[in-house]
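Encoded as structure tokens, the structure appears first; notes follow it.
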Amino acid sequence: MSDVEQRLAAMEARLRRLEDEQAITRLILSYAPLVDSGCDRQVAELWEEDGVYDVDEIYMQGRDQLSGMVRSRNHQNWISGGCAHFAGPPHITLDGDEATAVCYTLMIVNTPDGFTVRRATANHWHLRRGTAGWKAVNRINRVLDGRTESPDLLASHFPEAVRHRPA
Amino acid sequence: MSDVEQRLAAMEARLRRLEDEQAITRLILSYAPLVDSGCDRQVAELWEEDGVYDVDEIYMQGRDQLSGMVRSRNHQNWISGGCAHFAGPPHITLDGDEATAVCYTLMIVNTPDGFTVRRATANHWHLRRGTAGWKAVNRINRVLDGRTESPDLLASHFPEAVRHRPA
Amino acid sequence: MSDVEQRLAAMEARLRRLEDEQAITRLILSYAPLVDSGCDRQVAELWEEDGVYDVDEIYMQGRDQLSGMVRSRNHQNWISGGCAHFAGPPHITLDGDEATAVCYTLMIVNTPDGFTVRRATANHWHLRRGTAGWKAVNRINRVLDGRTESPDLLASHFPEAVRHRPA
């Protein structure tokens, strides 16, 4: 293999990693504007056919349950009252055709007294590349209200990380 | 055209798309630190000469109106009182020398009772590449307080997306 | 030098800049999930051995002080009560093996009355590439409560920017 061939192949692999991370970021950042505008089918299609969205308040599996949540009276009331599922930038770790990501979200709700932060949550995504591109396999969402599983979820994204446990 | 030539050209095009997206992200993320520090000219120069910033509370066209807003007593009072125009990461769609982006912003204001979320808003940007690089042509900002145009704005960034309309 | 050689070298340099920016973004975005889960050593290792984290409420230098802050009773109480150090996307400026970045953070705290925004802050990072990759040399964090140094810090990231000073 020539030097030029080696350098071309190395760059193609590096480019692909950058593009993969970009595609995953776009997928994750699509969730909020789609869910806050009630685009039920497009929300569901961010997941694989039988993907899981595991929120402490509700567990959904498969696209019917995902789109059903968006069409539910409960969710429609958030939209008609005023609501932002504000997402922070994801921290992504690629591993070939699989990836994980951690990010924070804030659920901001309009109330008679103004906007309030209803929930601040830890999110952990597991994603996979298939024939239709990157899709979510599993997303776990846990509110940061002091329950141990929420910081556990944040730390789980960093394989070397060890939580300090006060005596 | 040789195989090497083809691969070089393909990679140059892919690199350019990544760099374009990065440049647009930097432009959008410049807005908050420049406006929260009152850098009136640099805020205005994020837009094209006759660019539009269409906020539900105020409509601005052209750099004089943009920089005037930053110098206004109203805006200066936000700065001296304590204020953050907190922006989420933009979701960008490139189309050659044009691009659109959707992102959320929170206007966080310091009050005698602590920090409050004054506004949670949907933002839609239209950008164009010119001789001075990427600039904003139009930015629309609508508060997510339940008015229909705000989720409409979020959905408009996704051409295939269809909003569920409750019966 | 051949045309192919020139194009390969130019692309390798462009790729490296994109990867550098990505690595720095990952470092900055690691802080919140590591600190909110109390991973004291991993938080400290985001900085160089004698790196500085200069918060208006506390000044830390060196990894012992950084990890000590995470293990402190004060910080552990934030975790056990429920807390999110929500970070916005960083705006990064590369300069070879050095870089600076500006970003916003919100400290969201769970209280008996729900989640509140305890602090909205301006952050300025100085980073350096060493044998162990990119590390923070210095991070300055100033609350946006109206004090002049906070908007000054935001503007300092933009060398050409000039703050409007009301008469």
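Order as written gives the chain letters A, B and C; numbering starts at 1 within each chain.
Following the convention adopted for this analysis, a residue touches a chain if its C-beta (ideal position, glycine included) is under 8 Å from a C-beta of that chain, and two chains touch if they have at least 3 such contacts.
Listed by chain with UniProt protein names: A, B, C = Nuclear transport factor 2 family protein.
Bear in mind that the values here come from a model prediction, so they are computed numbers and not experimental data.
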Graph class of chain-chain contacts, one of line, ring, star, complete, other: complete
Size of the rotation, in steps of 5 degrees, that lays the CA trace of chain A over chain C: 120
CA centroid of chain B to CA centroid of chain C, Å: 22
Touching two or more other chains - residue numbers and ranges from chain A: 4, 8, 11, 15, 18, 88-89, 116-117
Touching residues on chain B, where the partner in the complex is chain A: 4, 7-8, 11, 14-15, 18, 21, 88-92, 102, 104, 106, 116-122, 143-147, 150-152, 154-155, 157-158, 160-166
Interface residues, chain B side, partner chain C - complex: 4, 8, 11-12, 15, 18-19, 22, 25-26, 29-30, 32-34, 36-42, 70-71, 73, 76, 79-84, 86-89, 108, 110, 114-117
